[in-house]
């Protein structure tokens, strides 16, 4: 987990830039028109929310090296905070409550990040479970958070920004996409700055970082804060753009593991990895179940198929880790390397010498 | 012509036992109608399952995937979380959402929730039904005064939903009340039961879920609380809840809207026609007639009858979701009709109207005998009149929050 | 004298992509001390890891070549088996068991070699005589001991397994001059008396060449020179090229570092 | 007036349920001690073992035969895991291994349900769970039985790790896999042995918990109870597992009864974690855990 | 600015390299005032002073009443057998260990326990005996991070790239590029530090310590595991650094050739006690030092003389 690539080399950057441009054009220009409601509402929107959450966790775990098993708690904090801002502060523009929700999540994150000043590794990981259970408990316990709704379930307000309401599958998708793109850009800027270097320094060698003058305390808490901020915003997307109703039980431990899973499968300390991991996490089980149903649906019931699928996914995770412990992104890079090399040989000479 | 049921089933994960029973029963009944009657007046019933593992987002995915199928009759998720996530969606898509025995209490108010049907029972009427049963055991409502009831509830929104109603009923009948939470999943309840032992209540109401139930019964035995004074709610009333507790569960009583057992004619027909043709859905035939299976059967009856009623108005063809909704809003099955359907004793009756989407289901109580449930009470009526204003108030608040115009009886029943 | 270890045309990569060795051949005869020399990054450590079949643990792979130890093909023998056959490595970076104390580290070496309790006890005595410092620190967690003490523990641990061929990666690193001399003369003694063979990679070529019988020089993953240690000691190009002068080594390094298409050919 | 009788009752109840937590925690400790990884599949293994046993018994296999058969299956499982998962992932970061155990848990859970169905089973070990009174405090035979088993397991393992050479080899493997390979320790054997042992512990814990909860999917959730125990006792200390279990059990119950009402109850879910965290701030590697050995 | 001493290829004695490099430095540009003052002004001001430092670890005495003064602008070597307490001494100075007794004086401040987080701000930088690089960062970023304590802009400013943040970034980048060129690391500056050969990593660590132009530089075996040729080169760099920036250097090294050639004064530790302190020549002929550390076989032979 220490030798993850840092996006610097010139050649890769240009190739990356091109790829990103193509992706963005497709995401904004093609998919909204070509995608079905199902694709947008049930695949892409949750994918975006999870990718953002994974990005947030990646900052903390992948870059700053602090393992957290409590991401779902920060998703929940974000979702419930946005709901309450929206509900209790009149005429508050939605964007403001979005950012405010992120900040609440960040504050809670910093609070639960305090143990990281003393703890490391799995000890820290397990202690973040305190956040997981505490937040879920508090949201269930205190009716105030869900506006005393008897069932504890809250309904999402409409997504409206500057008078435009993002309703319908396309609107919600575009809204999520924009939030994700902006957050990702900001995250990239952060990672390219000294703060990003400090994160990695912290992860790779805490003592050396301290001696050099990296402010450990501030950096750790910042990592928790920024990470929770992003995860909190992802929570808003998850709750308001995707599910449009949430209950505390939805933010359970499985969800936290799911997010951790995304960044490890995708590749720690890689933004592209987080995206790839999220795509894998969301799309792959769907594909697998569709495939299973199509091929074997007549023979077995959905339960049997589902269990077989679990086995397949489990085996795939292990297989992938064996093939490339640094995650999907490293695998992709490795496989793409010869091809890229062929195309960009002249370029690589000029930038490297 | 065909009428389609998208099924958000769950056959894997912690709640798989309930899911396989319920969806098994539902599918068994649909099969029965297809095989025996060739469908509902010639309209074939079809379905497709999507596994949700009881997870909301998977349920939503299945919704988005199956909603555009032609001839969707109704959604039956048997999951509070998934049901909640669907309310907006089905209202927009104008398809009924059936949450038999569960779901949002205030969706009983059809004036605000035109497409949601918490058939037979909602959490409030369940509560009232349980208190009425206790009263009957004590020999009348007046005997409740001075008694002590502890409610042991699951630490989730579901578990907490009835807290205020128990309080109201305690005030009304003058019994003293203590409500104790068991955090999810509830596999350790030592401290709760020690508190109960200290409180020395007359009854404990178990508002449990999943593994919490057998553990409660086991722990009750450990602290010496008499099991026949523990009364289970509607999610604590199945074989799955008692079998793991072994002997500790013998004598436990629980509420139900549908009796268990396979002796009812409709079940006999299912066994003969469906299982006889090798099309039975349950892998383990011993589970035929179990609580969840019978709930599935009853749910099947209610859905099919709603379609039948709607067909009388709109014609014997594939109906739209909105037309099926009309059928549900006129789903009135009196005991005679229930008997004609072969379900006498299985469930009592239902009487859904445009504004009462629950339909005044009656409840009964069963006692676990170690291998099977035995009905130990009459069909009891909850105190609907007492509950209705509370429900209306809550529904009105929802309407206000969501800018929903409250429907009146003059509003056109269906846009045709 | 017969061949104890033979490397034939080894090529190796890391992560299926980074080529570390392209053509390494060398022979260690029974009872011989062979020094492996070369600039930083020449592939010395990789060669030694390949010899003890440890590359896979660092996601490296042998893509070509053959390793013969004691007459049998050792290319894919598990490392535990190799140790039992008498091929014991001391790795770069020391790799002490940090949480175990010094003595436990040594005992672990004996266990790895499949020795009996008595043999282990005797081995401990031997190591403590060689490194009195370790005896003083026997109850300290290895991870807390000084760099040199860790180095001694690592060497001692390998000696515990009663090797026939000791594979050493920069044994002198971090050790006081006196200790370096002691180690080398002790090893030389074992070599003379017990016929212990040694393959040693060293930066400290002065010392290495003084004790070695023969030496091989690696450059950019290939053996480019091999011969009598005494010979090599005198040859000017060795000094110039592989033991280095500043300007050249910088240029050399630059050349080495620039990924060339050949690096990826193996993948 | 403080009710001492009740206090003691809660305390004893807590200690006894703490023993049940320890049983689960030991399985974790075994694997952490030899691979430095939190084995997420422990819950699945527990479920799998109990489910296999119950299903065999329900199919008419006699008790002892079923137990032996399940034991054999757990041994096979241990060896398979070593072959297919651990060996190719040798010397990888703990995070990678952790993820691999997550994958493993998917496979085991899926296989368990596919093989034996999703039904809920009752499990009767023939040990009474009916309490008897000792000085006004209720104690059940079952709890005592569980405590005895846990005690035996812990003593065995603790002695093993401390006094045998194999124990030393195990610790070496956990410390630095690369070095362990280099000195010739046989990692495959060590891992196969440990995973087998963890499988057996899973079986024991699965049966005892299964008798409590019934054998069903939720059984795999009991691992959540073990995590604070591990943190408190130290991930790599067998003794820590038992002491941590007792402490967590007692504190959790006392907190629920005496502190819980202040918050409206239901605090057990996180109280244990908060307590464990509190301890950690004083001792970052748990009560008995190996201190981080690190210097420059 | 290139301060590299390029030598023939003959056997060379380091002292000469040192001289020549110093000459080159003086020619290239005038030494900064601090160094000038130290060199010209005569009476050296102690930059670092240890007063009766004692440290033990559960029965093991690592340091026993060490007094040590390091004058401004000097290269001060610390040698001694393995486990003598050399690294522990550096750890005390950098605040990683808290001495049981004694005081550390850094510049004008005295500490019972040096605050590590202020170390960089106090003008102290160090390298580590066992590499302590940020393996996941490219070489350039590793070096830039060595500049971190000079940074003031908070993270929001850095994200928004305000003028201040931009200026700081440019400044630290320029300084890093300088040092990287100085240490001939250009060819590898975009590679991850973790994948580099050992010797190169050692050099990156030196670069990271140098970039902030510390007043006091603590080097713990900076030349271990480095190819002989590069050893000469690095040794030259070290002395150039002193000459060019007036940096005071404390050097731990086992290569006697380097130590004797490079340092102004040498302190010798054994079992946590200082057994000798003096010029290279004094130390070389000290019988206690020969017995404890050097051994006899060495008459004049250093590693660097092939």
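Labels A, B, C, D and E are assigned to the chains in the order they are written; within every chain, residues are numbered from 1.
Keep this in mind: contacts are C-beta pairs under 8 Å (C-beta built on N, C-alpha and C of every residue); 3 or more make two chains touch, one makes a residue touch a chain.
The chain list, named the UniProt way, goes like this: A, D = Branched-chain amino acid ABC transporter permease; C, E = ABC transporter ATP-binding protein.
Remember, it's a predicted structure, so these values are computed and weren't measured experimentally.
Between chain B and chain C, the least number of touching-chain steps is 2.
Shared contact partners of chain B and chain E are A, D. Each chain gets a centre from the mean of its Cα atoms; the one farthest from the centre of chain C is B. Here the chain at the heart of the structure, going by C-alpha means, is A. Chain A and chain B have Cα centroids separated by 37 Å. Remark: chain C and chain D have CA centroids separated by 42 Å (rounded to whole angstrom). Rounded to whole angstrom, the centroid-to-centroid distance between chain D and chain E, based on C-alpha atoms, equals 50 Å. The distance from the centre of chain A to the centre of chain E, with each centre set as the mean of the Cα atoms, comes to 43 Å. Within chain B, the positions touching two or more other chains are listed as 11-12, 16, 20, 155, 183-184.
Contact of a single residue of chain D with at least two other chains is seen at positions 113, 118, 264, 266-267, 269, 294-296.
Residue positions 87, 96, 128-130, 132, 195 of chain E are each in touch with at least two other chains.
Working note: touching chain pairs come out as A-B, A-C, A-D, A-E, B-D, C-D, C-E, D-E.
Those residues of chain D that touch chain A in the complex are listed here as 32, 38, 84-85, 88-89, 92-96, 98-100, 102-111, 113-114, 118, 224, 227-228, 230-231, 235, 263-264, 266-267, 269-270, 273-274, 276-277, 280-281, 284-286, 289, 292, 294, 296. Contacts from chain B toward chain D in the complex involve residues 11-14, 16-17, 20, 155, 180-185, 187-188, 190-192, 194-195, 198, 210-211, 214-215, 218, 221-224, 239-240, 243-246, 248, 283-284. Put simply, chain A touches chain C in their complex at residues 325, 334, 337-338, 341, 352. Residues 52, 54, 56-58, 78-80, 82-84, 88-91, 95-100, 104-105, 107-109, 111-114, 117, 141-144, 157-158, 161 of chain C touch chain D in their complex. Across the complex, chain E meets chain A through its residues 94, 96, 116-117, 119-121, 125-126, 128, 132-138, 140-141, 144-146, 148-149, 151, 155, 158-159, 161, 165, 168-169, 172, 190, 192, 194-195, 208, 212.
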